[in-house]
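One structure is given below, represented as structure tokens, and several questions about it will come after.
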Amino acid sequence: MTLDLDAEVARLREQVATLHGELVRYNLVAWTAGNVSARVPGRELMVIKPSGVSYDDLRPDNMIVCDLDGVVVDGDLSPSSDTAAHAYVYRAMPEVGGVVHTHSGYATAWAACGEAIPCNLTAQADEFGGEIPVGPFALIGGDDIGKGIVATLSGHRSPAVLMRNHGVFTIGRDARAAVKAAVMCEDVARTAHLARTLGTPVPMAQADIDSLYDRYQNVYGQSGP
Amino acid sequence: MTLDLDAEVARLREQVATLHGELVRYNLVAWTAGNVSARVPGRELMVIKPSGVSYDDLRPDNMIVCDLDGVVVDGDLSPSSDTAAHAYVYRAMPEVGGVVHTHSGYATAWAACGEAIPCNLTAQADEFGGEIPVGPFALIGGDDIGKGIVATLSGHRSPAVLMRNHGVFTIGRDARAAVKAAVMCEDVARTAHLARTLGTPVPMAQADIDSLYDRYQNVYGQSGP
Amino acid sequence: MTLDLDAEVARLREQVATLHGELVRYNLVAWTAGNVSARVPGRELMVIKPSGVSYDDLRPDNMIVCDLDGVVVDGDLSPSSDTAAHAYVYRAMPEVGGVVHTHSGYATAWAACGEAIPCNLTAQADEFGGEIPVGPFALIGGDDIGKGIVATLSGHRSPAVLMRNHGVFTIGRDARAAVKAAVMCEDVARTAHLARTLGTPVPMAQADIDSLYDRYQNVYGQSGP
Amino acid sequence: MTLDLDAEVARLREQVATLHGELVRYNLVAWTAGNVSARVPGRELMVIKPSGVSYDDLRPDNMIVCDLDGVVVDGDLSPSSDTAAHAYVYRAMPEVGGVVHTHSGYATAWAACGEAIPCNLTAQADEFGGEIPVGPFALIGGDDIGKGIVATLSGHRSPAVLMRNHGVFTIGRDARAAVKAAVMCEDVARTAHLARTLGTPVPMAQADIDSLYDRYQNVYGQSGP
């Protein structure tokens, strides 16, 4: 590797290892069931969690570097069993810089029922631009999960897809954005579940959803340097 | 600024930064979605959270000082995207010294359904004096949210309003009281949700609600210095 | 105070202050809404939480010593607003050495519905010996709450009562036992709620409940020195 | 004991004490209601939690060593009141190296209803190979619980059984695997509960369940040294 690449990979090893702590903090994962990856910008490479390793034991140096076919380039352990899905997304969606997968409980309950989360909350309009869609059932082990994610999210505002009977995949311009989408997906899924079991959620007008989404994507937060 | 004002602003920067930790502790916020502000007593100024900054990174020196039109007076970052709503409340309700906004899940579920929380708990009678009301749906970006809060809470016992399809705003004589109202609003919303999904809550007599509210507002806690 | 009494009160100040941490750990309390007390054995005295003080700020030296009419004997702050209820229990039930009050969410949901928690769990049979009963609605400020607790729990196996529209009071031979009952009451109330919203809980035979209760009260844990 | 046995028992005392922390971390236990044991490989011995001791106070040196009839071989305290059930499992199932018992809330709610958890999630197919079965109601104190566990799990893919009106027992090749099964059982029970209260879970094809189970048992994680 060149020096520049080394520095970039080191930065992403640190970021990916640290971001798994957010999955734990927001209670999105049990045991080892959830993973974060980051694309190495401008390279056919990604940094991803090792398979079956406890979140307590994740450190920059045990993250795995793979190419975008999921072949390990640097790392002593096997990469996440979801590596093929992450890799497929990076190959098919060049604008994506981070991917997250969880089985977070509320979102996965919607996935188990095969129901998209309807948009009845301003927070959902802000972050997801409307409903959070359901993707197909797909077996692990080939490209089926990746294909289902890409087919569902391509051209969709939502950075999150509920894979049927399985769990959540989220994408972002970088790994941190994908983790934020995973956190907000569970938060929205929870509130939507609580509203459904409470009474009858009031629908929002599409024009209001559009207005909120447009504003949040362009105005919220600190403008970049 | 005068020395007195400097000291007062410094005190409020510390208080507002610290109080955000209570939103995290009581699980009222995900990622960066919630904010606290305090009026600078006797001045046309408020101290508020910066926009889109992680709760881990809040410190007294990155809080933002704005005037009551929401214009930044002191601070390097953009203020919370909810600044206009906070500012509107301070302009319209001179007795209010603190404002809090969250999307806490149970309260927001009631807001999504457009249902006021009925008062079936002594804790709700104590703190809210009856039902917790619903405010109108309003888009962010102008004074509509602020107007909705003020229209709903003016002359109402409750320091909390459930803004439809959105979340909770609470007010208090200072920022700590507004945070307490946000914590108790979610606690009451949760218990009321659990009661609704369990069976049929038993109504309380209005005279009992009135008696509890009167006592709690006048007797509870330590008498002032 | 005599030296012996001083030592005993010091021990109970430490114990009562520390046990409030268990209410926080098990998520039984929001803000300042919950309290623990201990009888001073052989004396007409009790140690109780001060009113409206944050759990973070409780220390042995700010606990309040009251007589069994609720009059402060030692302490600079006002005692818990529930002091009269604790005191009434100690006066009426000489075998009780500790009292706990919370608004823990699941148990309070049962209280809001005025429903006793039916005994469908071996853990409930062990600790409560059958259903957890509902006590009357009562206003704070006199002896009505205390009377309701005593009337409901006298001669009942359960150390916990669900006061209607209010919350939970538990008793024990000492403060630690009362705290354990409060923790187990919420745990059982939660599982019973989850079972009710899931399907149809299977009833247990009364003879099995009796057998479990008898064994747990006489065999479980380490035998005393 | 021989030196080798001493070293092995010391290792298991440490492991069993530490693994109880996972029950606390994943919120599977309240107060002292849950326990982990490990078989001493190649010996008629097991290491188990003492009865009624707080999780904060568990240390390697207060774990109890029993023979497989539950008789204490080494330890100053009484062993867990569930020791007979653990011992029965070790006697009847020689491939089992670890046993865990909890009353974790969601799983116990299914147990209270006497309902097996249907397999509508890939995570459940991976870990449990299909539904999580219900075992019989059984009183504590003899071999009835152990017999119920063994009768239900023998020849079943699932390492977890929901004992009716009681709670969960899980088994594994070692104590860590049994703890993982307990964590995943509650996670799956929770998501299945949330799906049931939300809508209608979509069934999975048996062939897909079989495929997922086969892959997870043989491919997931790091291959052994």
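Letters A, B, C and D name the chains as they come in the text, with residue numbers starting at 1 for each one.
Everything that follows uses one rule, which is that contacts are C-beta pairs under 8 Å (C-beta built on N, C-alpha and C of every residue); 3 or more make two chains touch, one makes a residue touch a chain.
Since the structure is predicted, the reported quantities are computational estimates derived from the model, not experimental observations.
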| item | value |
| --- | --- |
| Chains contacting each of subunit A and subunit B, listed by label | none |
| Remotest chain, subunit C as reference, centres from CA atoms | A |
| Same-site or different-site touching of subunit B by its copy subunit C, using the half cut | different |
| Distance between the centres, which are taken as Cα means, of subunit D and subunit B, whole angstrom | 44 |
| Whole-Å separation of chain centres (CA-atom averages), subunit A against subunit D | 31 |
| Sites on subunit D at which at least two other chains make contact | 197 |
| Chain pairs in mutual contact under the definition given at the outset | A-B, A-D, B-C, C-D |
| Contacting residues of subunit A [partner subunit B, same complex] | 26, 120-123, 180, 183-184, 186-187, 190-192, 194-195, 197-202, 204, 208, 211-212, 215, 219-223 |
| Subunit A-facing residues of subunit B, complex | 30-33, 50-53, 77-78, 81, 103, 105-106, 108-110, 112-115, 137, 139-141, 164-167, 193, 196-197 |
